[in-house]
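Consider the two complexes below, in which chain A is the common component and chain B and chain C are the respective partners.
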Partner chain A sequence: MEIQAIVISLDPAVADASPQEAAAKAEVDALIYPTRNADGSFAGTPGSGAFRVDSFDPGKRLVLAANNAAPGGRPFVDSIEILMGRAAQDRLVDLELGKTDFAEIPCEESRKAGAAGVRLSVSQPDELLALVFLAARPAAQDAHVREALADSIDRAAIVNFILQKTGEPAGGLLPQWAGGTAFLFSTAADPAAAKELWLQIPGSPRLVLGYDSGDPLQQSVAERIVVNAREAGMSWTAQALNATAGAQASADVDARLMRLRMNSESARGALAGFLQAISPVASIDASALADSAGAETVYNREREIVASFQVIPLVHLPQVYGLSAQVRDWKAPGPGESWPLADVWLEESAP
Partner chain B sequence: MVLFWQAADASARTSASVPPQQTATSPQTPISVDWNNALHSLAQKISADVPSLAVSLDVKNISSLGPGDVANIRQALIAEMALWGNRVIEPSADAPQVHLTLSENNLGYLWIAEVDHGDAHQMAMASVAIAPPSPSSPATPLLLQRKIVWQQSEPILDFAQETLTGGGTLWFLLQPGRLDVYAFAGEVQTVHQSLPIDAAGGSRDPRGLLVPGENGGIQAYLGATLCTGTWTTSLDLECSAGAGQNWPLGAASWTFEPSRNYFSGVTNFASGFSVKRAPFYSAASPPPELATASSSRWILAGLDGHARLFTGMAEPAAVFSNWGSAITTLRSACDSSWQVLASGAGDWTEPDSIQVYDVAEQRATPAGQPLVFPGPVLALWPATDSKSARVVSRNLSTGLYEASILTIACNH
Partner chain C sequence: MTFRAKLFWIFTLTVFLSIGLVAAGVTVVTRRAFDELNREHSDALVAQFQREFERRGQDVLRRVQGIADAEGTVRMAIDLSRPQADVSVYVNDAHGVSQSHQLDFLDFVGSDGSIISSAEWPARFGYKMDWVMKPEYSSAHGPFLTRMDTDAGPVLALMAVATVPVGDKNLYVVGGERLGKEFLASLVLPAGMRALLYLNLDSTFQPANVLDAVGPAIEAERFAPLIDKEREQPGEQTARINWTIDPASAEVFHALPLPGRHDELLGVLLVGNSQLQVVLLERHIRDLALIVAAIALFIGALLSWWGAARITRPVRKLAEGAREVAAGNWNTRVDVRGGGEIGQLGRSFNQMTEQLIQQRERLIQAERVAAWREVARRLAHELKNPLFPLQTTVENMQRAKDKNPELFDEVFRESTRILLTEIENLKTITGRFSDFAKMPQPELAAVQLNDTVRDVVKLFEGQFSAVGRPPITPELHLDESLPVIQADAALLHRAVENLVLNAMDAMPAGGVLMLRTSRKDAAVHLEVSDTGAGLTPEETERVFTPYYTTKQHGTGLGLAIVQSVVSDHGGRISVESESGVGTSFHIELPLQPPHHLQVFPMVFEKPEED
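This part shows the complex of A and B:
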């Protein structure tokens, strides 16, 4: 039989330990390890999963070969060729020219990709982009500062203009499809209330909003938030952070943007994951909810966090993938799942 | 969990025969016990917030519930609230307001009652599981009939039913890694065995075949493993790895690729003669009375999404496009042509269909309307007598695997 190889265009050559690099490594690990632990780490011998590493040219190209003895059966395709160091624009071009079978597409580029005829797969919105106040900074101690900023943010504009309508404004931490209670949280901006609160704050402090320097979406959103805040009379500026330096990258930063992927389909599990990720940065209660916690308990905890304004939910984002016309049986992975590339197959284009 | 259902009605029905669901689907339908319990709980909580007061009620639906269900739920909540002393009146400035939102998450429905009374704002929630949707009625009369005989949450590779000479019925369900056997005396289940089959190193998309024998005997092909079962009061199963690579189907056997989900292309005939063609997923040949002496006519469903008709030559006599990977032959009493069933060309993420084709000369002509399945067709095998076919499919709405029998009725 003719060899069927999936070609993937992967993330740009970003610095080690960046979120993008870590996410890409996890996807590759999921293909070569047989087992994934509950904490997201991998177990077993590399190469005893669905695929094994056939060749590796660091930073450029990785080829995985199907493992005939893979748990759950041999993958349908014979190999996966991963082209590394492909920026978002390169990945789109690869898809348009048929040079790749699969690539991640940034949410803000998905409308453009669709218009260019790229076949898209869009997941449920399972990623939260939120603004988090840093616990050590004075702004985190002043509820009026936090609430004023929350009131000033025009989430609809972020979704409509920056994300080109890919995503949903988020008033709560959990998306509607997972929690069923998102509609109970307001997403509307209230600049008048923001102005009124700001006037009650003595000294009109100058505040800094940090964003991941390697994330164009975060940069656009941070700049938009700064515009909203200034329109409400507040003095905020945006500052790029080195993603690899962690939350405390700059002593000047009062709040920062964070991307939070749901690690579970359950509302309780996803909320616990969010709080665990936020707690090293913000002053919030990250204690676990009981396994038996129902919808009302989950909502009450979520409401408590949101009402504190230590975390300001902004938008819920889907994962967007571009696929070649030959890819079949692709199913967008759910929260906590990896790319199901061992289960897809390629349709031959001619008899 | 195994869900067993044998349809009692074998008449000309084309849609699933499944147990009745407790689902409210129209204003005339009473709501289910689960729904009523949830509304009872909500009414109790509302009463705790505004005891014995007249209240206004508005209902907003942001879930997948239909208008009939929403109307039923509103009426049922009003009745439950009355039991707790809360009468529903027209909205007024003084009356407490109850806002019921029918929401939904990935676990089911979530009904949220918000109670505004003066400056107080209270909230109560009730979670309700979503019942599996009822099957839709057949839209048009079809020649191809489907009878669901088994549903379960775990994958089914093949199934077989045998009637024992001393009375009783055996059901065999071949699944990845095991063979389940159920014995019934009338409608009473007397035996359930789950016998493991070691098919290590098998395919990601495992395939299997059951070949019934005499009086409860069975042969199970799973990948390259052959298991032979003999029935006394229970099933004794002996398996041999590597002995089952040639799957018997009709007058020939096909060589299966154990680590894949297709046949190698080698067809072995009883005479010892064998033919090598391109690998294929499934094949169909005319039933014996229509076959030529050499049984040279075969349609092979290839790996490239095309089915090819071979008439004894190395090159195909015809190529049929847009056929799926599952094909088989079914003999009907309608006419004397060779009829082939073929699944649709979709993948496992979408509904599927099976179409009957009349094959004559080098043409395959669709006969009747395709029979639509609410999910992918996973296996399609001919019955021993060629008068019916076994089909395994997955219902994407319920997530259940369904074993069905297909027959063709003449639409005179």
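This part shows the complex of A and C:
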């Protein structure tokens, strides 16, 4: 019997301490742990899940072997070989050349990947790219500064050009499919209003927008926002932040871009998760949303946050996965879900 | 200052001046030569810059045109010419194309002037760059210098625009190279020269915009005056910048404006010429001049010493000869050879002394004759007075004997008395002449002048208040601290006595006779004054002339004797008189007469013509 092994190409090395690394590690943990808690942590003995670690070459290669005694039954594939440290371009090449069966694809590359014949799996837009004003900075205290920047941003251009039409302009925090109220939030830019507001700000402050240095999408979006702001007369510059800084920014950054991944399909849960992620750096009260909050409460809370301009929603991003032609029964995971690799199987390729 | 010293300084100054002028001339010529050389280098560098500028511009144009002609670009243009074309597909294309064509700037601009893709500023897609649509920026007009905006701020760029026409729509390919330190680094510079570039991107001078081949120039603020001048009046400007107090650190900068398509000032090329070589050469010339001057000074000193000695020797001989003549040695001769002015002067000097001797001989001869005449006249005058009574007395006696024999005895007695009286007068007269002729040489001994004065006054005390004549009051003002002098006491006594007698004669109506002694440096001073009628100026001039007298019965020898005594003692005598006030004689006698008292021959006045 031929051993079926799925090959996965990952961007970060597992040894990294970046958010991407944490996400990748979580996906691996989901494969080797038997159970997952409500808070997202994993329980049980490592290796007692669907897979166990067979070999590990830190930063390069991880091989997981199927656990015959897995609680939910033995996975279809015999092993999973995870190639680490593969950049987006390499992953695309791996997919095109058939060297890998599964890889995450950045949204901005999805169009090119599709044009190149790569089989894509695109999830619902479950990730919010937002601009967050940092509470510790004076700019965050001036509503005119926040509003002027919000008015200057051309979200459609970000989606159409930078994201190559993958994703949706975000006026609210929650995507339309999750909350159903996204259409109530305007996504249109108003440079004239931004210019007018900026003129009311004394001293013409010079402001800094931070972005994750390891995230090309954030860099492109940050640079575009700076261009939008300059065209409106504002003085913003983009500055890369160390990926390990997490939510904390450098001392001279007034606002920063953040990726906020939904951890729940429910609007309340997703908004609560967003607030949980934002509150350490922004002037946002994360505890103000009760567990029993209804859709109206969620909307009002969302509206309140958006209207304060402490957080400026930019785009909602889907998760894009590249799959080889042999992968079967793949289903894009929903918010809070892990990759269902234990459920996929590989169709034997023709000899 | 001696003639030799003057000659030395004239010679030295001449040498210094000559060397200074030569050094200054060489320095000026050298500086002009260097300036000209620097100018040529600057022109060459400017030409090189312009050639490189043109070459790069053509290269940029060629590459941009190559991009425009590429199949991918043409396909993009065709795609974008369609209705509802999706420009977002091409948003990242410029970056890759610019890298493959090694362009710092590359923008694809749509037919509406909107940026489709930008290599230098990727995030600027969608915004307008509609100036590329203007005809003057088309490739037909070649490359151009312009200001380009980037995310890091404005920069200066050498750009070109190529058009890809599809139907009625155009795709513009805008590409170029940044004009900065890399461009400067590509220039081949001669030694001592450097090129800088000022990017005129701000409304005021910004030091950070001055670039050299490695980046922002050091101490760029020093260029502010030159750049400001260039901004006010674009054109070729020159300025010198001294980086330190050492002139060798200076650089002369030539500024060349770099205009844009519309002749706006976008940049300034600064070509700097180091002044190190010219300053070092000037210093070398100066040092050389100083060394030459020092050598010349030394040689000059020797030459001037030798020359001055050669020139001044006859002059010095002449001066010594003149001093000898002044001292009375009229037989002096100078040995001056040669036919120049000095030789002529020496011969004239010798001729002059010969003539002086001859004239002196003639004068002495004449004076002797005159003196004898004067003596004869005086003798005749003096003897004539007693001889006339003698004659008349003898004639009276003869007449009495012939005509009045009875009275002869009486006449005889009277006549013999008269004869004896007159004979006595004749004896007195001859005695006086004899005394004057017998003036002895002074025999020096310690003499207190005050004592002499007192003795003389005491001698005449009786006569001062004699019965029958108005009284004369003697007043003595004697300096008791007066030192003794070396003098002949008898002669001195006689001189003072004559002065007192003279004063008494001058005061027939009585008056005051004042005698004052005092010390004056290394001499003693005696003043004898009367309150008589005084002398006329003519009398004052002739008062010491022998046999000159204003008195009816004087011999005119008294004051001449006084002058003779004073002269024999190495002293001086003078007289001052005011008519109606009186006369004062001043005698000054040295404490110690000269070692070699000279007896000058008595000079006799030329006798007056009767």
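Basically, the second predicted complex is superposed on the first by the 340 of 351 C-alpha atoms of A that agree within 3 Å, B and C clash if a C-alpha of one lies under 4 Å from a C-alpha of the other, contacts with A are read in each partner's own complex, and residues count from 1 in each chain.
We take it that a contact is a pair of C-beta atoms (placed from the backbone, for glycine too) under 8 Å apart; a residue touches a chain by one contact, two chains touch by 3 or more.
On a predicted model such as this, the values are computed, not experimentally measured, just so you know.
For the overlay on chain A, clash or fit between chain B and chain C?
Once chain A is superposed (C-alpha atoms), there is room for both chain B and chain C without a clash.
Who contacts more of chain A, chain B or chain C?
Of chain B and chain C, B contacts more residues of chain A.
Which of the two partners, first being chain B and second being chain C, lies in contact with A:Ala157: first, second, both, or neither?
second
Which of the two partners, first being chain B and second being chain C, lies in contact with A:Ala267: first, second, both, or neither?
Touch partner of A:Ala267: chain B, not chain C.
Applying the document's definition of touch, where does A:Asp329 land relative to chain B and chain C: first, second, both, or neither?
A:Asp329 sits against chain B, while chain C stays out of touch.
After the superposition on A, what does A:Lys165 contact: first (chain B), second (chain C), both or neither?
The answer is second: A:Lys165 touches chain C but not chain B.
May I ask you to decide whether A:Glu348 touches chain B, chain C, both, or neither, giving the answer as first, second, both or neither?
In the superposed model, A:Glu348 contacts chain B only, not chain C.
Mind computing the angle chain B to chain A to chain C from the CA centres, in steps of 10 degrees?
170
Let me test your reading of the model: by the given contact rule, A:Gly44 touches which partner, first (chain B), second (chain C), both or neither?
So A:Gly44 meets neither chain B nor chain C here.
Check the superposed model and tell me the shortest C-alpha distance between chain B and chain C, rounded to whole Å.
For chain B and chain C in the superposition, the minimum C-alpha gap reads 25 Å.
Considering the complex alone, what residue numbers of chain A touch chain B?
1, 50, 68-70, 72-76, 176-181, 183-184, 265-267, 294-296, 299, 328-331, 342-343, 347-348, 350-351
In the complex, go through chain B and note every residue touching chain A.
Residues of chain B touching chain A: 62, 101, 103-107, 110, 112, 123-125, 127, 200-206, 259-261, 279, 303-306, 319, 321, 347-349.
Give the list of chain A residues in touch with chain C in this complex.
111, 154, 157, 160-162, 164-165, 220, 223-224, 226-227, 231, 238
In the complex formed with chain A, which residues of chain C make contact?
87-89, 91, 121-127, 151
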